[in-house]
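A, B, C and D are the chain letters, set down in written order, and residue numbers restart from 1 in every chain.
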Amino acid sequence: MTSTDVQPTAGTGGLDVERIRKDFPILARELPGGRPLVYLDSANSSQKPVQVIDTMREHLMSHYGNVGRALHALGSESTEAYESARDKIAAFVGAPSREEVIFTKNASEAINLVAYAFGNPTNTDERFRLGPGDEIVISEMEHHSNIVPWQLLAQRTGATLRWFPVTDEGRLDITGLDELVNERTRIVSIVHQSNVLGTVNSVSPILARAREVGALMMLDASQSVPHQAVDVRELGVDFLAFTGHKMVGPSGIGVLWGRRELLDAMPPFLGGGEMIEAVWMDRSTYAPVPHKFEAGTPPIVEAIGLGAAVDYLTSVGMDQVKRHERALTAYALDALAEIPGLRIIGPRGVVARGGTVSFVLDGIHPHDVGQILDDVYGIAVRVGHHCARPLHLRFGIPATTRTSFYLYNTTDEIDALVRGLHHVQKVFG
Amino acid sequence: MTSTDVQPTAGTGGLDVERIRKDFPILARELPGGRPLVYLDSANSSQKPVQVIDTMREHLMSHYGNVGRALHALGSESTEAYESARDKIAAFVGAPSREEVIFTKNASEAINLVAYAFGNPTNTDERFRLGPGDEIVISEMEHHSNIVPWQLLAQRTGATLRWFPVTDEGRLDITGLDELVNERTRIVSIVHQSNVLGTVNSVSPILARAREVGALMMLDASQSVPHQAVDVRELGVDFLAFTGHKMVGPSGIGVLWGRRELLDAMPPFLGGGEMIEAVWMDRSTYAPVPHKFEAGTPPIVEAIGLGAAVDYLTSVGMDQVKRHERALTAYALDALAEIPGLRIIGPRGVVARGGTVSFVLDGIHPHDVGQILDDVYGIAVRVGHHCARPLHLRFGIPATTRTSFYLYNTTDEIDALVRGLHHVQKVFG
Amino acid sequence: MIAESMYQELILEHYKRPQGRGLREPYDAEVHHVNPTCGDEVTLRVKLADGGKVQDVSYDGQGCSISQAAASVLHDLATGSTVEESLAVVDEFTRLMQGRGQVEADEDVLGDAVAFAGVAKFPARVKCALLAWMAYKDAVLRSQEAM
Amino acid sequence: MIAESMYQELILEHYKRPQGRGLREPYDAEVHHVNPTCGDEVTLRVKLADGGKVQDVSYDGQGCSISQAAASVLHDLATGSTVEESLAVVDEFTRLMQGRGQVEADEDVLGDAVAFAGVAKFPARVKCALLAWMAYKDAVLRSQEAM
């Protein structure tokens, strides 16, 4: 099989995958030893279409200047491109206002930004007060980026970290919701779509309870915004974090969306140029959001690239993307179920789950699975705990093999994976 | 004058500027209205050579994968490129160990990272203890990015912020050194080269005093690393911050260098994927540096681009760059001195100063100067307080016009500036 | 030569020969507005008269040609008109300035202030043009409260 | 087919039929090492004998084929040799593993362990290969302290 043999296949919802694949030059690449590339690791990081790559290149070649600070032609062109990327991203997630879109370097920074707003001794807003006796609620299926910032916060402030357990099927167990989220809870931060299980969590029951007790709610949407239409007004949460590199955008750029009144009430996080209104040696006043949270020279070209990524996804259509991935996921779940000794960790059906499927093979360590798949077939999957070690501890396994799909994947690639897994079993059988 | 008329000129130290300019495609650009571009705003952000742009593009086209986490071919290629960029940057600033080079999103994040290490209640290392009675020392010539993080720290912890004044000539006034840096001082953070005055500060007397009293010392090298050979061992300080976009590298990437033993002793800053060793729901252990401070997916392609930038600068030779800029600065200081009503803010000679010259024109507001220069001649300078408002307050002026030079500038461009300033005086005279 | 479209002759005229500059008595309200990012400042006084008229707008300040000329033009337009008319001009001027160069100016309403149309294309300068005008709106409000 | 160079027949053999696996008595020291990033674990015991000899290396653990095979090969090489010899092998093995595939292996010193040369090209797997070997070094040190 060569990569050009990879064809779009019936049953994937009408996306012209062949045309889409042509936009992603890397997919046609041959790996050392003449292996074709079968890229099934988009939950880790997605590939980038030439439209994104060329937008960035073109900006660097002809329009680059620092943003905000410069009056000259290049500065204006860069500022306009950077701020119009903000408009695009605001529209993409249905933000009521463009000022609510804050550029960070990745989703992790976005979550840390919110965590650092709590328990700051200089803060005067009741909603961000945090100390001993107060509680933070996360879940057992979180990515480390939605665990460690809250652990650090709890350690700094003396607050208590609590979490939702996960069921054997890989769903959030909210049977204890009313006890877990209570009058002491200040913030609930939950993943929207799990990067291991594929589970898409239902937000509304948790949000309703958070509202009841006056807690804020944040969603880690790193794995949902790339794969389905997300509308912050519909979701109704207070904060949303996501990351450029998983949504056909560049590295070095992430987004925090937050409600304007909350962002206004939060203390500054990073201090520096561009986030100020006026500075004296002994005190400063701060710029209105989003700039208050964008200290220093931002990832200018990266934000512009993310704007192009959002244009690309919009032109394909997020509903189309979702439908395509759902078809691939159904196909993969069926095909993997037939491999003897293979156990899927996470929901076995396509309801309320995305195109990320993790599994273990009896008696074969995921590292060996991943390496043989890559070495022999050029199949890129991720192996390990996928930055979700507590979730793996929950299932009593050190690691899983994870395959994840995006708009450019095909059922032929899933077939290649299945063939590869059979070979792995032969080698280590 | 068209941009192709801009020739390297004698007296600029033997750099083949004409060849260098060909590497920077944007310099050949025509602005709207047929204006050539005269880019004299590199202290704000530098332009990028095609070598950097193409390295990034090539990586995105053919080698991109997430770093650290992936075993597969693309993941390995990306990790290797990313980590080899770290090697290059370590070598570029003479870091004793590559693990001391931490990638951030910009210089501002690097400074905030160090500031947040102080006064953290979870920290047990004496050197990073900070509270009421303790003092932080900066200077009046700092960029906001080396002021606001320390103000915020002082506010959070109750420590006192103090600063070196600036002389009328735009030099650091260290006559009060022994009183200012004293037993209560925990950290001294000073700019290496001022982004307004051009002043290059002498580090050793301040460092000697800091050592005497047991304080740590940080240098904001955002404006020095791009323009002269910097060696952290020679400097002898504890921390050094700089930023990619000012040194012919991409946006979205900065660097913190720090002494290994200090970095090891510091508490984590941002929590998330990649900065951990092991995570349980209620606690975590952290990866060794540099990863401890690189939470989440880092600016992968940006770091790789910065590696290419460092290669580019090294191939030209930092001593050559410095000599060229010194010649341009001497030429500019002479030429500007002849303009009636023009007052230079900063050293009038080339000793211990870099290629950044700020000035005021009698009775004409810098905004008007900058706009006419740009609109009529395509000359890009920066106007305003250049993120150094306290310094401008010190000189009793709201703003200055700043011209700044880099390896691709020519004396012809300085001539164009002088002609432009004469025209400005005619318009507003 | 894009500048020609921003630095209209009229703006340069008002900058070099500002109308009504200086702080005068009597006044109903005085305000001080600052644009912290560029340091432009204006102190502005308003004196209202009977019949909803604006008797005097006096001001002092420092800043770029745009901010100084805008204050001068404001003085000319507001002094002697009714509060209501003048606030309509402020609104139209604000709309024009914030239109990113996409908004068609209503010359009948704006009068001389239409000369600033070109400024709207330079987001960084819009604040300069608006400084005195926002101060005026603020001062009128306070004057009315004081009455 | 790069894999062939890493998954040597000898490695697969040791993985499928590990030598000396299981924890045995008597022992002078027991250590437990974990590779937190991938969850690989090994518990390892060392029993030293007179004349600087290694009497037994017994172990149990879980992990990938590389980590398991490396423990098995270690058992074969260390048991019955002198402490000094075995530590020399550990050093050479470590040098090879950390050489990013650029280091020439000394087959005379390494014996069967030379089969792991291909692993050095995969930085992510180097820790797997070294896990049991580092545990062994640690256990020997503790045994000597205990004596």
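In the analysis below, a residue touches a chain if its C-beta (ideal position, glycine included) is under 8 Å from a C-beta of that chain, and two chains touch if they have at least 3 such contacts.
Which protein is which chain? UniProt says C, D = Iron-sulfur cluster assembly scaffold protein NifU.
Note that this is a predicted model, so its numbers are computed, not measured.
Participant: Strictly by the touch rule at the top, which chains does chain A share as contacts with chain B?
Facilitator: Output, common partners of chain A and chain B: C, D.
Participant: Relative to chain A, which chain has the most distant C-alpha mean position?
Facilitator: So the farthest one, by centre of C-alpha atoms, is C.
Participant: Distance-wise, how many Å sit between the C-alpha centres of chain B and chain D, to the nearest whole number?
Facilitator: 47
Participant: From the C-alpha centre of chain C to that of chain D, how far is it in Å?
Facilitator: Distance between chain centres, rounded to whole Å: 81 Å.
Participant: Using the average of all C-alpha atoms in each chain as its centre, how far is it in Å between chain A and chain D?
Facilitator: Here chain A and chain D have centroids separated by 39 Å.
Participant: For chain C, which residues are shared contacts with two or more other chains?
Facilitator: Those would be 37, 122, 124-125.
Participant: Would you give the residues of chain A that are in contact with at least 2 other chains, written as numbers and ranges?
Facilitator: Residues 32, 71, 278, 367, 371, 384, 389 of chain A touch two or more partner chains.
Participant: Given the complex with chain D, which residues does chain B contribute to the contact?
Facilitator: Result: residues 71, 76, 79, 277-278, 285 of chain B touch chain D.
Participant: Please give the residue numbers of chain A that touch chain D in the complex, ascending.
Facilitator: Interface residues on chain A, with respect to chain D: 32-33, 365-368, 371-372, 375-376, 384-385, 389, 392, 398-399, 427-428.
Participant: Mind listing the chain B positions that touch chain A in their complex?
Facilitator: Residues 25-26, 29, 31-32, 35, 37, 39, 41, 44-45, 47-48, 50, 52-53, 56-57, 60-66, 69-75, 105-109, 111-112, 115, 120-122, 140, 143-145, 147-152, 155-156, 161, 163, 243, 245, 250-254, 267-268, 270-276, 278-284, 295-302, 367, 370-371, 373-374, 378-384, 386-387, 389-390, 393 of chain B touch chain A in their complex.
Participant: Under the touch definition given earlier, write down the residues of chain D that touch chain A in their complex.
Facilitator: Its residues touching chain A are 1-3, 6-7, 12, 15-16, 37-40, 62-66, 122, 124-125, 128.
Participant: Tell me, which parts of chain D touch chain B in their complex?
Facilitator: Within the complex, chain D contacts chain B at residues 34, 36-37, 122-125.
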